[in-house]
């Protein structure tokens, strides 16, 4: 229409009016490191795989997961999940059940027979791995996927290491363990059992290996001198748990005392219960707070009727099976000191769970190695003092858990690969952590964590059936969707919606967003209203 | 939509969600939303009114298949959206005067009837000054005739365009240019208030609702509901003004959210003069949370906090919570 | 068709014949009968697809009209006196937006003191609002002017006021010729808006215009009225052709060609003036009169043409520019700039004071002898004024003037003239 | 030009009386102008209305100052307002009353210098009888027609039928007809 001058205007013409120097700060999309990823010893991209699980694409989730860790089903059972401890959602309602979703994915994979993708190209290099525990298997998996020939030599009769010999069935059913190990071997990894490597350099030379990764674990039980009569029955925890895997179950009797405060002590005590002991008593010299064992395990043990005597040390054991126990008291510095108060306990057997040492005999005569406190010293790239020989897991200084071991295996594999290629592996620089204060959690609905169904106590204590059951599909989806996606855009459209100036461009599904700085006035609403803290303000470049 | 799938991650509160079907997303999440109030307008950083206007008009546009005409009262929205030679509006829009938006809209609606364009719908919009003060007579007349107009009030609780003077929507104790924070009782008086949504309900018009820029889905739903009804309708939207309230631009939505979560601005719907629904508070917070981040209330805190008057404001919030059952 | 009917009803019929689509009504004496008439026609279904809206104030009446007109329909309303002042802001706005609204003004005085009777103070208060203002001399002309007004307004995109004297015309039963629908349809084409709120072709109407363009906008408004100076006579001629009557136009002269004394006036008083002119002519006076129909735009040129040869001009005004005198006089004087003649301003008929033949005759004779003041108040009761002035000079708290005067005059108020 | 002034009180149909008169004249093909002089619009207040009848267009807009005929709907006004103001010699005066103008103490005006042609019509009685309401305007108009002959009864009847809905119109026509007869009988004495 032929419009009157000035008083009537063509629509949308204000697009000609650009913000210009109005803005002093501008928003910037960032990816922050989710606390769960940050806390994972295996370096899993947890938020990453939950992202796929949320949309119900479990295979994609699983494939993202196994980029870092080949044992979802095992992790979902035995990992002590520091990821959950650090989960931001804990500050909203309850932490996300990451571990249970991981187990669900692991079990789905086994159920549906998902396989690892074979290496894209063979490098022709050969790597020897000593020890088929978590660390060794993890390293084997990653090296193989990188195209290297891999052979594992294991001294024991079965693969799995501590996953098999240290963790009872009721926590990790063996069919699960076997299946996840088998999946690695299916990649074309050689496994030689019942073979002890006595001289690593010789074995490497004979097998023409270009590099080696040592992960023999720590299987030698620490002993403590306890005066005892001839007939007194004293065993060590590692042996007891190992025998559980054999035909001959260990004879513990009806009254069992376990000495120690770690997870192994609890495993033994709970195993004893299952073997029919009427009494399983744990004697520990410190308080419950100081106990290295994970609290949930202590809790489960107590529920199963395991007794624990805190602040107690064992002085001696008489033939007829009487233990003398001295009460301790914490001093000002929090250390236990003898009190001179004694009591006696009746026990058919005493199991020592005081930690384990590493058998380093295979390293005799290898030049350049440094040994300290019974462990092999390695550089940041996991290589020992001897070029081409790497080490990880319980035999190097670190926390001794399955997950840490798996982490070592991955890390070592990446460095070995780089070393073999004559390069250096540089991990991508870590993003700043998406701490709770960077989140706007009002946008997340309240949702309690799904409680994993438990077997009733009676049945649990009398059998070796798995204690903790998994989630079904709906629970898993529910649980996955509780993830806050800390520090990583999940395309909730908030920034696109809340901009008073329509200065956010939506690029479409999976493509996230982009700012239109022609119109952005730098108000920062997008930053404060981003639920997951994936935007930050930076000074306007002038 | 919330029923179809639980969004414990995104909540039912974010603008959109990648896991939702297109038809379940909010209008603002739509890549092809109309942006009825387009970029390049002259609103201040973090303007709540600019935000509220796009939310509301886009929602109305979708609800009417883009058959919408808007009438605007004088005020910030009018001034920042249509300074010659540019307009930010993408829809047929007219500004006449400060006090007559409702009447002009009645005229536009009457014209549509005369032209037989029953599909074309009319919205009138204004600030709290143009609605609760100078435009009040025309508003009441439009209500009483039950003209087919949705009137939207963008309430930023003072005359911002003229430099933050008190309006009848200015809350007690708030500092404005005409209620300075000086003397024995600084800021605005503790009057009896002028609850326009309630006054609208007293006309027994078919639909009245309050909404906030902090609850987008709630706001869009209400505008949609309003457009599904014929006759006089009123939606009162809470829109913070960083400049006038002395708040940080990035806090615009946060403040709007706190107004709701404290109970100071209850979200409800009324049909034919009776309250039919209210939006529950998710995480109740004390009014101090809301007050202390706005300079217009600074005089209530400082060295010796004015617990007496803060208490009175808390009472108002608690009254609303009880009256509208906001914690159920 | 000839009819003996009330002025207001005649206007209502004329408006109805123009097929308005939106009519806004708010009661105020003496305009009320017009919208009542239209309301009845709409209710009775005689006036179809027309929305009749009862608003809550004159301000709303004009505002609703603005909305309707901007939405592209033919729009009408009517008011008087205080009502026009109450809608003042919207009156300016309608003109500023260039909306072709037609509004009848039943001319009435403005209070205080409150007064419901006729004078021109109301229209005059809006003389610079940007509306075209046409003054009707008779009810026939009032009827005819509405038909012309819609066409004029819509051709220019400019609102038009048709002013008719309250009571004197609005309430007078007279003979009028009411045209047929066919005649009106042939004269007045359907409304083609210049700007419209259309979802198919959206625009923003009513922008904020700053110093960089405001003057131009105003000039264009002025230019519209200058165009109207040409258009008004054309439309009057076209009207004559179609309806066979002289109505409207810019001005109308009566026996003024050779007049030495010319009386200039607006509206119904011209009839009485012409009677007096005839009287005095028959006795040999060289007197004539000019009736101004178009007060806005003000017809400077034609007025100069009509007056320049006279010896004196008497401007008879039904309004007062307090502190100055005449309002119409200013325009008349401007039209005569550089021409030397005697100009007199006569304020008459304020608040319904009857303007009688006798008074006019006395006035014109004084004028012919050039014995008039620059500004004269016709039939001013000098006694009352001087008494009141004296009273005020004596005491401080003298109370309300109007009431004091009424007390002094007593019930003569119900008398005549 | 013939000018009429009607005096009465608000609600007595003073204005519509003048209007009907103008319509009647119009129906006879003449020019007529009827208009009120609005005092306050309250019921009961003294009001008046004017009517002019001529054979050419009427331009004059002043009130009727010198009526050729005066119609007084409420005789009590005689004591309040200077009703006869401006009535010329031999002017017609119609009064709504059951009494003679001598009884009303107005005889002097007829016999005096003014030589007014006066006639009383029991208009209220006739209105109550025929219409059932105290609206004396129509009977007085009929009386006016009879006494002055300025308009003919049929024209007045036609005007009445324009003004009122059928039923009410016929009642008024009844009142008018009877009033016309009464006034016609009085005519001789008046003209004498």
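For this structure, a couple of remarks:
Going in written order, the chains are labelled A, B, C and D, and every chain counts its residues from 1.
By definition in this document, a residue touches a chain if its C-beta (ideal position, glycine included) is under 8 Å from a C-beta of that chain, and two chains touch if they have at least 3 such contacts.
This is a predicted model, so every value here is computed, not measured.
Listed here as common contacts of chain A and chain C: B.
Compared on C-beta pairs in contact, C-D and B-C come out with B-C as the pair having more.
Relative to the C-alpha centre of chain A, the farthest chain centre belongs to D. Distance between chain C and chain D, defined via averaged C-alpha coordinates, is recorded as 34 Å. Separating the CA-averaged centres of chain A and chain D is a span of 115 Å. Put simply, the C-alpha centre of chain B and that of chain C have 44 angstrom between them.
A separation of 50 Å divides the Cα centre of chain A from that of chain B.
With touch defined as above, residues shared between interfaces to two or more other chains in chain B number as follows: 81-82, 84-85, 87, 89-91.
Taken residue by residue, chain A touches two or more other chains at 6-7, 9-11, whereas all remaining positions touch fewer. Across the assembly, chain C contributes residues 97, 198, 202-207, 209, 213 that each touch 2 or more other chains. Taken as a graph of touching chains, this assembly has some other topology, since it is neither a line, a ring, a star nor fully connected.
Residues of chain C that touch chain B in their complex: 21-22, 24, 49-51, 53-57, 59-60, 63-73, 75, 89-90, 93, 97, 197-199, 202-210, 212-213. If you check the complex, the residues on chain B that touch chain A are 6-19, 25-26, 28-29, 31, 35, 38-48, 50-51, 54, 81-82, 84-91, 216, 242, 248-254, 257, 282-283.
Contacts from chain D toward chain C in the complex involve residues 18-19, 22-23, 25-27, 31-39, 46, 48, 57-65, 80-82, 85-86. Those residues of chain C that touch chain A in the complex are listed here as 96-98, 157, 193-196, 198, 201-207, 209, 213-214, 216-217, 220. Every residue of chain A that touches chain C in the complex is listed here, in rising order: 1-11.
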